[in-house]
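Look at the two complexes coming up: subunit A is in both, with subunit B in one and subunit C in the other.
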Partner chain A sequence: MTDTLNALVLFSNFVLVPGIAYGSQLALGALGVTMIYSILRFANFAHSDMMAFGTMVTVLVTWWLQSIGVSFGPLPTALLALPFAIAAAVVMSLLIDKSVYQFYRKKRSSPAIFVIASIGVMFLLNGIVRFIIGPNDQRFADGERFIIKARAFKKMTGLDEGLAIKTSQCITVVVAILIVVALFWFLQKTRTGKAMRAYSDNEDLALLSGINPERVVMVTWIITAALATIAGTLYGLDKSFKPFTYFQLLLPFFASAIVGGIGNPVGAIVGGFVIAFSEVMITYAYKKFFMYLLPESMAPDGMIQLLSTDYKFAVSFIILVIVLLVKPTGLMKGKVV
Partner chain B sequence: MKKLLLAATILASLTGQVLAADSIKVGVILGYTGPIESLTPDMAASAELAMKEISDSGIFLGGMEMESIRADSTCVDSAAATANAEKLITADGVAAIMGADCSGVTGAIANNVAVPNGVVMVSPSATSPGLSQLEDKGYFFRTAPSDARQGEVIADILMSRGIKDIAVTYTNNDYGKGLSDSFGSAFAAAGGSVSMVAAHEDGKADYSAEVGALAASGSKHLAVFGYIDQGGKGMIQASLDTGAFEVFMMADGMFGESLLEAFGTDLNGSIATVPGAETAGASTFSAMAEKAGITVGGPFTGESYDAAALIALSMQAAKSSDRAAVQSKMMDVANAPGELINPGELEKGLRILAAGGEIDYVGATGVEFNDLGEVLGSYKEMEVKAGKYETVMVR
Partner chain C sequence: MSNSVRATIAFSIMAALFATVGFGQSWSVALAIFNLCLISSIMALGVNIQWGYAGLFNVGTMGFAALGGMAAMLVSKSPVPEAWTAGGSNLFFAALVAVAVLISIVMIVRRMGKGPLRAIALTPIIIVGYFAFRYFFDQASNDIEAFNPAVSGYLGGLGLPILFSWIVGGLFAAGAAWLVGRIALGLRSDYLAIATLGISEIIIAIMKNEDWLTRGVKNVAGLPRPVPYEVNLQETEWFISMIESLRSGTLSSLSGDERTSMLRTLVMESSGIFVKLCYAGLFATVLIIILTLSVKALNSPWGRMMRAIRDNEIAAGAMGKNVTKRHLQVFVLGSAVVGIAGAMLTTLDGQLTPGTYNPLRYTFLIWVMVIVGGSGNNLGSVLGGFIIWFVWIEAEPVGVWLIDAATNWMDESSPLRLHLMESAQHMRLFTMGLVLLLVMRFNPGGILPEVIKRERK
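Now for the complex of A and B:
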């Protein structure tokens, strides 16, 4: 019995908990990518840099709050700074939309042109973030770092294996659930949400039924800017904030969105978890796990690792390729353009 | 304005030629552009500090001056580095080369230009173990220790602490792989065992997969051969978060205050290695460098000073600036027997050599060449105690 418990704790500590936290972060990011894709009809390459921009504002406001002595008890101060950061990211998003995308929307340019424009925006935001806060690592997490530490867990339960759960991981999962519920409620039940879905299904029909396209576009940018900022802040709390790392998150975001079915919000969430767990599970060495479960005579000699961690990124992309070959619409039915 | 510039240029080139009449040219080929462009100005200035000391002595080869000709190695572009080295040797006619800096371009210059032309090259910063296998005919030297040496030092440190079983993670490039390999063989030879090796990519979003796999090896300690502001830090972070490892063995790429700022006392008991020694020569050089406006404690500045000084002293010993003659005396001036020469004492060295005596150049970094013309190098073993680095001993 103890052995089974040990095996479960070991698995939770190294696979389940990190996988859930990373999956939630990817899901929130992929949601933003997928919303822009389904409503504005282009792949927004600037999404991860909008995330970096929002997080940068969070970091700066957090530092300011810390300097005037405000804190949030055991929770990170960054959560208090989040509303300011969301506001800044929303303003930035709308400014970019007015100055860049609106022009192409009026001309009814093809999605390819939007994608290229978004790459330009990506570089612009990239530069702004580095200009303001610099390219280095910034840490802004404070408050209680762990809900339970590995060592304390061992002492408490008497097991050989420890389980560590970070505050940031818990916050990530809770916030992600709240955001997703709120988003779905908004899309399904409110007038604006319905207008957005209508606009996404058929732009011309939506126009005919009196939906104001500019308003739909504006709301979409507001929501995605908020999503990006929240995802970025949660990621930064869990790891740390570094502009380059945020830029690199773009790939797993798109992989998640496409695997899940791009344009489908549920798909983005499923995709985020599929990508996160495939990275961790396939490259995990199960030696110790089986040592607890199997009788001693059957104890494994090797590491029982399916693939070396070097191939971790290959795993996500193999899944991506397989999904595109077998089910081009993604796991959940998404849009195919 | 244009005319003024033109006049200035002509004037500069004229004075250059005047100087050239009784000066010996030495190439200083470093990556003034590229990934280490922030380090190279101090390295070049350190080499030129030694050259100035030589020139000012007035007794260098009977009153000659030493002139530095800078050329760009770019650190990464082998073709450009080779072309620039070619120009140094054929057009400028340098007697020897101090450089290059990064391991890749250094190998390219040595293979394609320096060795075929019989020109001595002294690199202050190329650390790749691969350069030891160079077919250099005795023309390639380096004042920075090979990473093969660091691997041995790390193995020694672990054995002396009774750590016989360790997991290794390295940054997936030449530096990380080379160090991991050299450590692996040294550790195995000493009777230790590496339970698992996992490479990590720099700048990635999440390292829990790597840490999870390493933790399954059952080792209590993790050796991190990576970069402090890159994946190396991410690996330590993920290890501490999951409680997978608590004590780390960190190589030179992981040394820096920012790591302690990030993790503080969580790193207590971890061990770090960093090249260098706390010798009298090192502190003399620091004082000299500070006076000359060079960043004190910057990487490879002492090595650069030593490289330039060795070239000059070999010329003096050979009593000629002939390229082959320089090569023949390098080992003699660097190694025992002879009078010990520290930084700032180059004039004394020149005088002894002029009188036909022998010297043993120690310099800023305690230079001692092995048969391959490479310094053995010393490393400081540091331990993190109460959130601060403390030097345990020098190896």
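Now for the complex of A and C:
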């Protein structure tokens, strides 16, 4: 019995808890990608760099707040800085839309042109972020680091395996749930949200019924900028902020959005968790887990690891490629043109 | 302004820029940039074949270039017989298992109809096959990596001349492109982009982590060169006498020991430049061959068919053109060109460093070259390769100089000034984005737009 419990705790500590936190971060990022795709109809390659930009502002404001002695008690100061960062990211997004994408929208350019333009934006934002904060790793998490520490958990339960839950992981999940609930309420209940869904479904029909397309697009950019900043800040609190790592998150975002069904917000969330758990589960070494569960004579020799940890990122691409081939509409039916 | 006038002006400006670098910085720097410009141009040609001719949105350039680089290493390095004896047999069994599993999967997929029964049949084969494969493969890779890991720990290559690898690099890339194309080309343009980006990352991940094959992040240094080494040149009789006659003006005013030491310095300086010139000659030859073939292909009936498919797939299909096959063909061709360039790049570097492949530099920068140069125009891609690589390299010193000038009024030790000076190198990314967006907006055809010749009626 204790062995089973130990195995479960071990699994939770190394797979379940990190998976849930990472999945929430991916889901928020993928929601942004999927919304741009369904309203503006292109794959936004600059999304992860907008995330880096927003997070950079969070980091800078956090440092400023820390320097004047403001803190948020046991919670990280970054949460106080978040609204400023969201505002900055929204302004940046709208500026970029007005100066870059609006032109191609008026010309009704093909999606490929939009994607190439977004590659230009990607370079711009990448340059700005590295110019301001530099290419190095930045840590900005403060406050209480753990909610449950591994040792305290062991003492409390008397088990051999400890369970550690970081504050950042808990905050990630809570914030993600709040954001997703708010977003769905917005899309389902408000006039603007309904207009956005109508526009995404059928552009011409939406225009005929008097929906202002520029307004829909503007709201979309505002929401995605906010989502990107929140996702980036949560990821940074959980791990750390580094421009290149953030740039590399682009593919897991795309993978989540496509696996879930691109253009479908529920799909983006499902996809985020599918990708996160596959990454964690496929690269986790199950040796110890099986040692608890199996009798001693059957104890495994190897690590029982499907792929080495170095392939963590590659896992999401492999899943992406498989889904694109087998079921291009994704798990939940998204729209594929 | 016609394209030929534009091209003449643009290439003269490029020549002037190289001369400026040559006189201002040094000829060695100018030639180093020039060599990479040549390679970039070839990569841009490869992307242009896919995007400009056929409208295929491939952002997996990095992967194909890396495969070319791997080919350079595998062809030129001498084999490690100890590693082969240690892990060869297990590797062979692993390959055998992999082939057997793949064949049985294909057989089942072909024979059985879609449905849960097929899934039930496939699952155990995949699971058992995977673990059987890992059983042999893990032993093999452990044994190979265990042999002298500090300098070896991999299988080595074939020990053939490295020039041969440029062809092999093209073949590697073509093979990978055929596989990728077979599975991904049916996708919509931006889906294809995401899929190829993902595949290129997978290729890099494999190269970084399969130490038995590529030594991973430990790098393979010291690839043999197709051109002489500086050290050997400095000892060679004909080279010294050539420098003596070339620089007789400088040398004539000196005599005795002074003359000998001056000659020594001149030979040292010139040997580096001579080696770079040799590379430039090789690269330029390849560039000219590929450019000529590309231009010929684009102006042939095949090229017209490609453009017809690009501009209207449905109409071209209705005219009896096999769109899928042509897409696959052009995808393979373009990727092969990128692979050749990748092998050339690794040859120039003299080492394979899987850790340095970065999509910004190896994929998106190449795209900027194609768009800025003029997609659909081969000469445009070459020009784009030259301009963009030049800007990419020179943006750093120019950026540092500009910021130094702009912050001159600040205190020497002011933290803001120091930070700005340190960050100046990142301005190249910003500049690239700006150039790309400006060209797309105000000159969407690029510097040398596509020319479409029409028969006069």
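The working rule: the second predicted complex is superposed on the first by the 332 of 337 C-alpha atoms of A that agree within 3 Å, B and C clash if a C-alpha of one lies under 4 Å from a C-alpha of the other, contacts with A are read in each partner's own complex, and residues count from 1 in each chain.
Simple rule for what comes next: contacts are C-beta pairs under 8 Å (C-beta built on N, C-alpha and C of every residue); 3 or more make two chains touch, one makes a residue touch a chain.
What you see is a predicted model; the values in this text were computed from it and never measured.
S.K.: Quick check on the subunit A-based superposition: subunit B and subunit C, clash or fit?
M.R.: Partners clash after overlay.
S.K.: Look at A:Phe254 in the shared chain and tell me whether it touches subunit B only, subunit C only, both, or neither; answer first, second, both or neither.
M.R.: The answer is second: A:Phe254 touches subunit C but not subunit B.
S.K.: Could you tell me if A:Leu294 is touching subunit B, subunit C, both of them or neither one (first, second, both, neither)?
M.R.: neither
S.K.: Applying the touch criterion given at the start, work out whether A:Thr245 contacts subunit B, subunit C, both or neither, answering first, second, both or neither.
M.R.: In the superposition, A:Thr245 touches subunit B alone.
S.K.: Applying the document's definition of touch, where does A:Leu207 land relative to subunit B and subunit C: first, second, both, or neither?
M.R.: neither
S.K.: Looking at A:Ala164 after the superposition, I want to know if it touches subunit B, subunit C, both of them or none. Which is it: first, second, both, neither?
M.R.: A:Ala164 contacts subunit B only, not subunit C.
S.K.: Counting only touches as set out at the top, which of subunit B and subunit C does A:Met122 meet: first, second, both, neither?
M.R.: second
S.K.: Output check: A:Asp310 vs subunit B and subunit C. Expected answer is one of first, second, both, neither. What do you get?
M.R.: Both: A:Asp310 reaches subunit B and subunit C.
S.K.: Superposition on A: which subunit C stretch among 79-87, 97-105, 259-267 or 439-447 collides with subunit B?
M.R.: Only one listed stretch clashes with subunit B, namely 259-267.
S.K.: Which subunit A residues come up in both lists, the one for subunit B and the one for subunit C?
M.R.: Of subunit A, residues 308, 310, 313 contact subunit B in one complex and subunit C in the other.
S.K.: Which part of subunit C faces subunit A closely enough to touch in the complex?
M.R.: 55, 57, 130, 138, 183-184, 187-191, 193-195, 197-199, 201-202, 205-206, 208-209, 360, 364, 367-368, 371, 419, 422-423, 426-434, 436-437, 440-441
S.K.: Which of the residues in subunit B come into contact with subunit A in the complex?
M.R.: Residues 172, 196, 198-201, 203-206, 208-213, 215-218, 229, 233-234, 237-238, 241-244, 258, 262 of subunit B touch subunit A in their complex.
S.K.: Subunit C touches which residues of subunit A in the complex?
M.R.: Listed in rising order, the residues of subunit A that touch subunit C are 42-43, 45, 100, 103, 110-113, 115-117, 119-128, 130-132, 134-135, 247, 251, 254-255, 258, 302, 306, 308, 310-311, 313-314, 317-318, 320-321, 324-325, 328, 336-337.
S.K.: Within their complex, state which residues of subunit A touch subunit B.
M.R.: For subunit A paired with subunit B, touching residues are 13-15, 17-19, 22, 136-137, 139, 149-151, 162, 164, 166, 235, 239-240, 242, 244-245, 248-249, 252, 276, 279-280, 283-289, 303, 305, 308-310, 312-313.
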